[in-house]
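Sharing a structure here in structure tokens format.
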Amino acid sequence: MNQELLSKLLADVKEGRLGVDQALEQLRDFGSKDLGYATIDTHRELRTGYPEVIFGQGKTPEQVAGIIEFMLTRKNNILATRITEDTYLKVKELCPDVVYNPIARTLTVKRKETSIPQSFISIITAGTSDLPVAEEAAVTAEIFGNRVERVVDVGVAGIHRLYGKLSLIRQARVHVVVAGMEGALPSILGGLVDKPVIAVPTSVGYGANFGGLSALLGMLTSCASGISVVNIDNGFGAGYLASMINRL
Amino acid sequence: MNQELLSKLLADVKEGRLGVDQALEQLRDFGSKDLGYATIDTHRELRTGYPEVIFGQGKTPEQVAGIIEFMLTRKNNILATRITEDTYLKVKELCPDVVYNPIARTLTVKRKETSIPQSFISIITAGTSDLPVAEEAAVTAEIFGNRVERVVDVGVAGIHRLYGKLSLIRQARVHVVVAGMEGALPSILGGLVDKPVIAVPTSVGYGANFGGLSALLGMLTSCASGISVVNIDNGFGAGYLASMINRL
Amino acid sequence: MNQELLSKLLADVKEGRLGVDQALEQLRDFGSKDLGYATIDTHRELRTGYPEVIFGQGKTPEQVAGIIEFMLTRKNNILATRITEDTYLKVKELCPDVVYNPIARTLTVKRKETSIPQSFISIITAGTSDLPVAEEAAVTAEIFGNRVERVVDVGVAGIHRLYGKLSLIRQARVHVVVAGMEGALPSILGGLVDKPVIAVPTSVGYGANFGGLSALLGMLTSCASGISVVNIDNGFGAGYLASMINRL
Amino acid sequence: MNQELLSKLLADVKEGRLGVDQALEQLRDFGSKDLGYATIDTHRELRTGYPEVIFGQGKTPEQVAGIIEFMLTRKNNILATRITEDTYLKVKELCPDVVYNPIARTLTVKRKETSIPQSFISIITAGTSDLPVAEEAAVTAEIFGNRVERVVDVGVAGIHRLYGKLSLIRQARVHVVVAGMEGALPSILGGLVDKPVIAVPTSVGYGANFGGLSALLGMLTSCASGISVVNIDNGFGAGYLASMINRL
Amino acid sequence: MNQELLSKLLADVKEGRLGVDQALEQLRDFGSKDLGYATIDTHRELRTGYPEVIFGQGKTPEQVAGIIEFMLTRKNNILATRITEDTYLKVKELCPDVVYNPIARTLTVKRKETSIPQSFISIITAGTSDLPVAEEAAVTAEIFGNRVERVVDVGVAGIHRLYGKLSLIRQARVHVVVAGMEGALPSILGGLVDKPVIAVPTSVGYGANFGGLSALLGMLTSCASGISVVNIDNGFGAGYLASMINRL
Amino acid sequence: MNQELLSKLLADVKEGRLGVDQALEQLRDFGSKDLGYATIDTHRELRTGYPEVIFGQGKTPEQVAGIIEFMLTRKNNILATRITEDTYLKVKELCPDVVYNPIARTLTVKRKETSIPQSFISIITAGTSDLPVAEEAAVTAEIFGNRVERVVDVGVAGIHRLYGKLSLIRQARVHVVVAGMEGALPSILGGLVDKPVIAVPTSVGYGANFGGLSALLGMLTSCASGISVVNIDNGFGAGYLASMINRL
Amino acid sequence: MNQELLSKLLADVKEGRLGVDQALEQLRDFGSKDLGYATIDTHRELRTGYPEVIFGQGKTPEQVAGIIEFMLTRKNNILATRITEDTYLKVKELCPDVVYNPIARTLTVKRKETSIPQSFISIITAGTSDLPVAEEAAVTAEIFGNRVERVVDVGVAGIHRLYGKLSLIRQARVHVVVAGMEGALPSILGGLVDKPVIAVPTSVGYGANFGGLSALLGMLTSCASGISVVNIDNGFGAGYLASMINRL
Amino acid sequence: MNQELLSKLLADVKEGRLGVDQALEQLRDFGSKDLGYATIDTHRELRTGYPEVIFGQGKTPEQVAGIIEFMLTRKNNILATRITEDTYLKVKELCPDVVYNPIARTLTVKRKETSIPQSFISIITAGTSDLPVAEEAAVTAEIFGNRVERVVDVGVAGIHRLYGKLSLIRQARVHVVVAGMEGALPSILGGLVDKPVIAVPTSVGYGANFGGLSALLGMLTSCASGISVVNIDNGFGAGYLASMINRL
């Protein structure tokens, strides 16, 4: 519930247009919808500027479909991540224009146009195997109203490949850098640009990679400045934050 | 073997109603039943107030069925956790009224009525994906004779959802809070209530979640007071302890 | 701010006894006191039944003294944990009747009497080296109005020592069990009693103890029921929770 | 070496104003100064918008003083972090107006004015013990030309303290949230604001905190969006990134 | 190659019955058989008193069969561990009397009688789920010529079950104790017996068990004496060592 | 881009044979080929002496085939690692003479002859289960122009098997030692030879092996000298480095 | 309380020589002495064949002295481990013939002769830095009545040093092998002897040694048989177990 | 004992110049010197080409001095690492020309000239704080007869500093790269050179560095080829191996 609505409610109480009990009632229920298995945060957009996003992992196809069914009543754009093909097919039954991106494993439904800033987000991957995470970031940034430039497979073992794309990259307002293994690409890039770098470690690798731990620790302890880190394989989180910064 | 029986046995020895050898014999065998692959603790209820519960993981359907077959001779209510559908079908052959809860993955057999206190247990989940663990806790608490109120999907990313349910929650005598990812919900709730909070970390999440480690460590290091923690995904343990506290 | 005060405030607004701006002001500041380096939670007692406790680690003697100076104006009993002797001497200057327990490393100031229930808390240690943590639990439970029975050095390597104290222990309403090394004592006790067991792992040990990790993991994975765990060396947390349960 | 200079150099070569060997020479040496024990990055400001910062840990007082001595010839503002008092006294000999902040453990030298944007950065701590890390962030942000608002000790165990400051916090353009123990504060705040949250885990805590690991993992796996994380106790990194975002 | 054979070889060289080159040859090849994918240690029995045992994990059925085919030429008893049913069927083709134990996942071939000492080995499990590991230990001890007594499911949550079997257990010359979860059983037993205890942690459990880590650390940090530990799930290693001690 | 080409380019600029814009263009694009999902490093051979190698894990069959299709235009020998049979069949369609080694899981295409030095590489495994990793090392070393001698299954439990092969091993110019479990073989060998030892930990084992961690830590902390370590299961890395040293 | 005493007590009850209440009293108190800060296990020797040993770490000099004062009334030999010089001096005041071994950090008091078997224990160290742990093992074995042979600094980097001592080592009945770093020595020795090997990892090393973890994991995953492991730096535990085996 | 000596010994036995018992005696004692607390490996140089090196950590000054005293009788050059100033002063008493390098913490004694190859070793550090480890590598390489070129403080945050030194670096025959924090420098360099890279992680850093773990994992999982890794802070190991490769 935002500042404006709260003032109005208090004014209504003062003017006698609203009883104290009614006000308490409104303050309790405003802002969420209870589906039994989920409590949807219906005023997140008012509060944070973005509608709620569905995290598909651990939810049944029926649960995801049920949540989307409710959200469709709100006319917002919808984003769901970590979605299997089963869930996609279930959702398609009730919303034929849902879009499934099998690389990013995302569902999107477009219901309104969003203004798109002039500035753009660069999304850079160290290797081909990092593509699914990068694509999740890109889909997220795009549905929230951003232009994205993708730069693929420019990891540090052949660092001249990065230099070849540097003049494009430097025009972005914020950078998302996706890397597995030793996760060194954000450190290099961080020393070459003057905009924020969002580092996304991936679980790409084996052995001492320990499920993405090596990239995660490398990015956290980076000797370059202007870098921050999101969870392993969290393309969504990076795309969301990049959108937030790009649209400041 | 409880205090009363021990006194009687010693008295019997003293009065000559029982030989020393017979007494030794009774002291050895009393309290357990040997099935070859399992040694059932038959006097746990006398000792701890609760009958033995079957932990299904790592046991074959035949072993679970065998244990239940013996326990049915005792007229106690029966609870088995971590049960697959195969095992359920095996048990159903010998006990047609067994109840299988596929979300909680529990088997229950009701053989006697338990008194139910006026007070109740609140079981709260941070997200929809935490439901199976919460349901295991609820089934456990209910079979041991407790009323349960479920509050679902009120995690800290939209904390007003919790506030909306707070007046209900505050009426409970003990709280079970089930959360994955960063596991912050018990900390928030612990600062808002005056009753014990049992925190259950879940393995819901990915990456730096490391199988529930992030939620576990977060709950253990909580800056709020009145919180204690059970094992990752241990809905049973939380439901059992909540029952113990609710029935004090 | 509790329910009662909130109703009165809304009623005052309705009746015109309070302007909307004034109401907003009260809602902002009520409940905490800003000292610059600390924001004291002044209505925790209303909310959780217990006044705020000072965690001394990482605070300078001046900061601890400043917080206590403010709290003394409130006439509550005061508890501070993880206190060095330096801090004690600093606090003593402004509050001569402060009590320092050098084993528990606690400061206490008694300003009002608390009712003490008939039931008591048992605090049990596996070894002599676990005493400081146990004593922190005991001081905490006592200042919050509880009777405590201490049972010392009855670890599982000579488990008959525990049996010798079992009839006393079984009369308690809740048990705090403090153990380092493999932390097995709560498992044993949990199988012998019908009341909640709060397990406190300690950092006592060496090598594969890894700073208390062995005891922590052992307690979390206990095969006994009715056990929950607090942080390593967290005597305060166990004493606080035990008080909460004992006073239910 | 930036784009402009590179074009000029190539043009000079083309026009014969510069020989090929001379051009090679310039391309090799431009941009760094070799002190024997350190190679100072002299064109970082051109490249990233910020001059090089000195990381004091592991450097002798003589080494830090030597680096600062050279940097003073450049007329930039100077920032050094993780500085002991010994090093401060050594530097003071050659630069009497150096400022030492003993809480933040920073050295600063002001040599030129920086434009300061209208927008500001909020720096929020969960507890009093998190102050040194927060202060490092604040000093960093200020020397780079930003206005900072500090909000202290509003951790989740008494979350109303945060709400009391929320209207101030919501006016900031970017948030730095500093927390130890379970590190839950960024998750809560992230659900309440529409600007980027930079989370800084601290090593404040004990036991299962494992030197800041609990807070770090909690922040990485946060269920709120718009959050990214820097290294444990890395106040500098957070202040630097916040400055970068605030000055976009 | 043992002492006796070495003396003879040197004597043969001295007496001229063996050339220097021939001696070098014998010293190189004696004691192993090269199969291309495996180098069988053919004089392990002379050196350590036990023939080589086949560790099946990571070997193809063909490789296991090939190794057994060679070993059959030696008239020793044969033991293979971590064997799948596929491998068993492959081996059965060339050795129809091979015995497969599907619980222990072992293959055994009996080719000679071994003397069996009067004393016996007790093999004790904490739970039913620990049976496969215990059975691997039992099969190992038996093929190497030992009498085994099995005690099943006497874990610490109902410790009276252990007491019921204690007089039998105390007659053993060495104890193998198999336990998952918190792994406390060896600590208890170690305080009750005067013979060596070989502790085998198992991966039985979930969550903070971390694949057997909790039991492993608990056993290593046991406060009882006379206990040593083998690898997680290493029933073979425990049975082998118990045989070595029982046959001293 | 190497020194020679850079000089020529600058000279061309100077002489007016090349415009500044054209030079910038060449400097940007030289050295890589963009396939959309991959950016192939086309001048790695000039820079490091070896053509790029394809890491198959996480790439689709189509992606691997696409990369190989491009590389075939370059007339280099091709090596791809971590290749499934599906990918092999896909590649075979466009390159019928590709060779698949199912143990090493490698693809190789031979397009030119490489000089082979007189000296050779020894590749030694501790056990039969380490063969796939060793074979990956061998295939790598061979495609890059080296002679390899394989010594199999000579682990430390029967260390005389190693001694039997020592005179052969000592003739190698560099050693690759592949071992799982405790990973002790490199330590032993390192004390017996005067050439570099490249240690490759494998994930062979179970329990406290923790996916190769035990072998990795053992090799890193080896008390022998002349040993360095590559990632767990990284046969390719070891073969590549061995080739580099053998061809010095 | 042993079998014999228990029979007598029951017989006394039967014959009326002992009342039921008196019997209960004896059963409660027999076997331990309560000192307030410690509960001494006074019938451990009857139960396990060895008197209680004092673990000095975490105990004050006064506490250790108090425990020893009581134990001196029992005429047993006394062993205390992890003892600082302060504690030694305190104990010397009340027991002038106490012996302090500053390398092993042990206190011993000899009060009765123990029979010493013909067979002996070999205690072997990989390096000079492992001596303190080995000496703790040796002191322990000797006070419990065993002959010890020490073999020093024969680690695997120069494995011929071990071979030089092998004929002596092979005459022992049980081996204690103490090693830090990669901890490979037990694996080698285990393949060369036919008696049990007790492996003791030490915290000697740095970096990836992680406080003894590398040696611990290496020993647990050893490919040799007949090896078991005690805690890092646990010389006492190894000496105790070796005594138990040597005296079988 | 080398091949040549062994042949002679066998020939002497054959010819009767040596009795069998005498031969056994020589085979036992040849190659090591027993000092009681250390067993010096006196024929390591024959076997591996390098004399034994003293690892000072965990040894008393007297022990180090005693070992050096014996080694001085052998006329070899001597190297001791991890040496405190106390030990240096103790050794200086018996060997006045010993050289102490306080940064590298090494002792060296020069007793004979070593041939020095034309080729050289580059030793490169990422930061100033990595100097002590790099210097240990340099001293090691130099005492074993190598020319070293040092390149300091060229970490990836300002990667142009590395490029400025690249033409020098590329002339080396082998590279030692020393880096803490994220340890990315070896990955970058590995993609730019055609010679082996020995990566040395250092414990420089804080927080998620976890004592060097971040750099270690980063180097192990490097996406560049031709890289191998030694233990954290193991400058000696890197210098030794570099010498071995440089002198091939």
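Chains here go by letter, A, B, C, D, E, F, G and H, matching the order in which they are written, and residues are numbered from 1 within each.
Throughout what follows, a contact is a pair of C-beta atoms (placed from the backbone, for glycine too) under 8 Å apart; a residue touches a chain by one contact, two chains touch by 3 or more.
Remember, predicted model here, so these are calculated numbers, not experimental data.
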Selected from A-D, A-C or A-B, interface repeating E-G by over half of its contact pairs: A-D
Fitting chain A to chain G on CA atoms, where both chains share a sequence, rotation angle to nearest 5 degrees: 180
Copy pair chain A, chain H: interface residue numbering same or different (half cut): same
Far-end chain from chain G, centres as C-alpha averages: A
Furthest chain, CA centroid comparison against chain D: E
Selected interface, F-G versus E-H, where C-beta contact pairs are more numerous: F-G
Whole-Å gap separating chain C and chain E, where each centre is the average of the chain's CA atoms: 49
For chain C paired with chain H, centre-to-centre distance based on mean C-alpha positions, whole Å: 53
Chain centre separation (chain B, chain H; CA means) in Å: 58
Whole-Å gap separating chain G and chain H, where each centre is the average of the chain's CA atoms: 38
Chain D, residues touching no fewer than two other chains: 44, 127, 157-158, 167, 190-192, 207-210, 216, 220-221, 225, 231-232
Touching pairs among all chains present in the structure: A-B, A-C, A-D, A-F, A-H, B-C, B-D, B-E, B-G, C-D, C-E, C-G, D-F, D-H, E-F, E-G, E-H, F-G, F-H, G-H
Residues on chain G engaged by chain H in the complex (per definition of touch): 127-129, 131, 152-154, 157-158, 160-161, 163-164, 167, 204, 206-210
Chain F contact footprint on chain G (complex, rising order): 126-127, 155-159, 181-184, 187-188, 190-192, 205, 207-210, 213-225
Residues of chain G that touch chain B when the two form their complex: 7, 10-11, 13-14, 16, 20, 23-24
Residue numbers on chain F that touch chain A, as the complex places them: 1, 28-29, 31-32, 34, 36-39, 41, 43-44, 52, 55, 57-59, 63, 201, 203, 211-212, 216, 231-234
Interfacial residue positions of chain H with respect to chain F in the complex: 3, 44, 47-50, 53, 55, 167, 173, 190-196, 198, 216, 220-221, 225-232, 236-238, 240-241, 244-245, 248
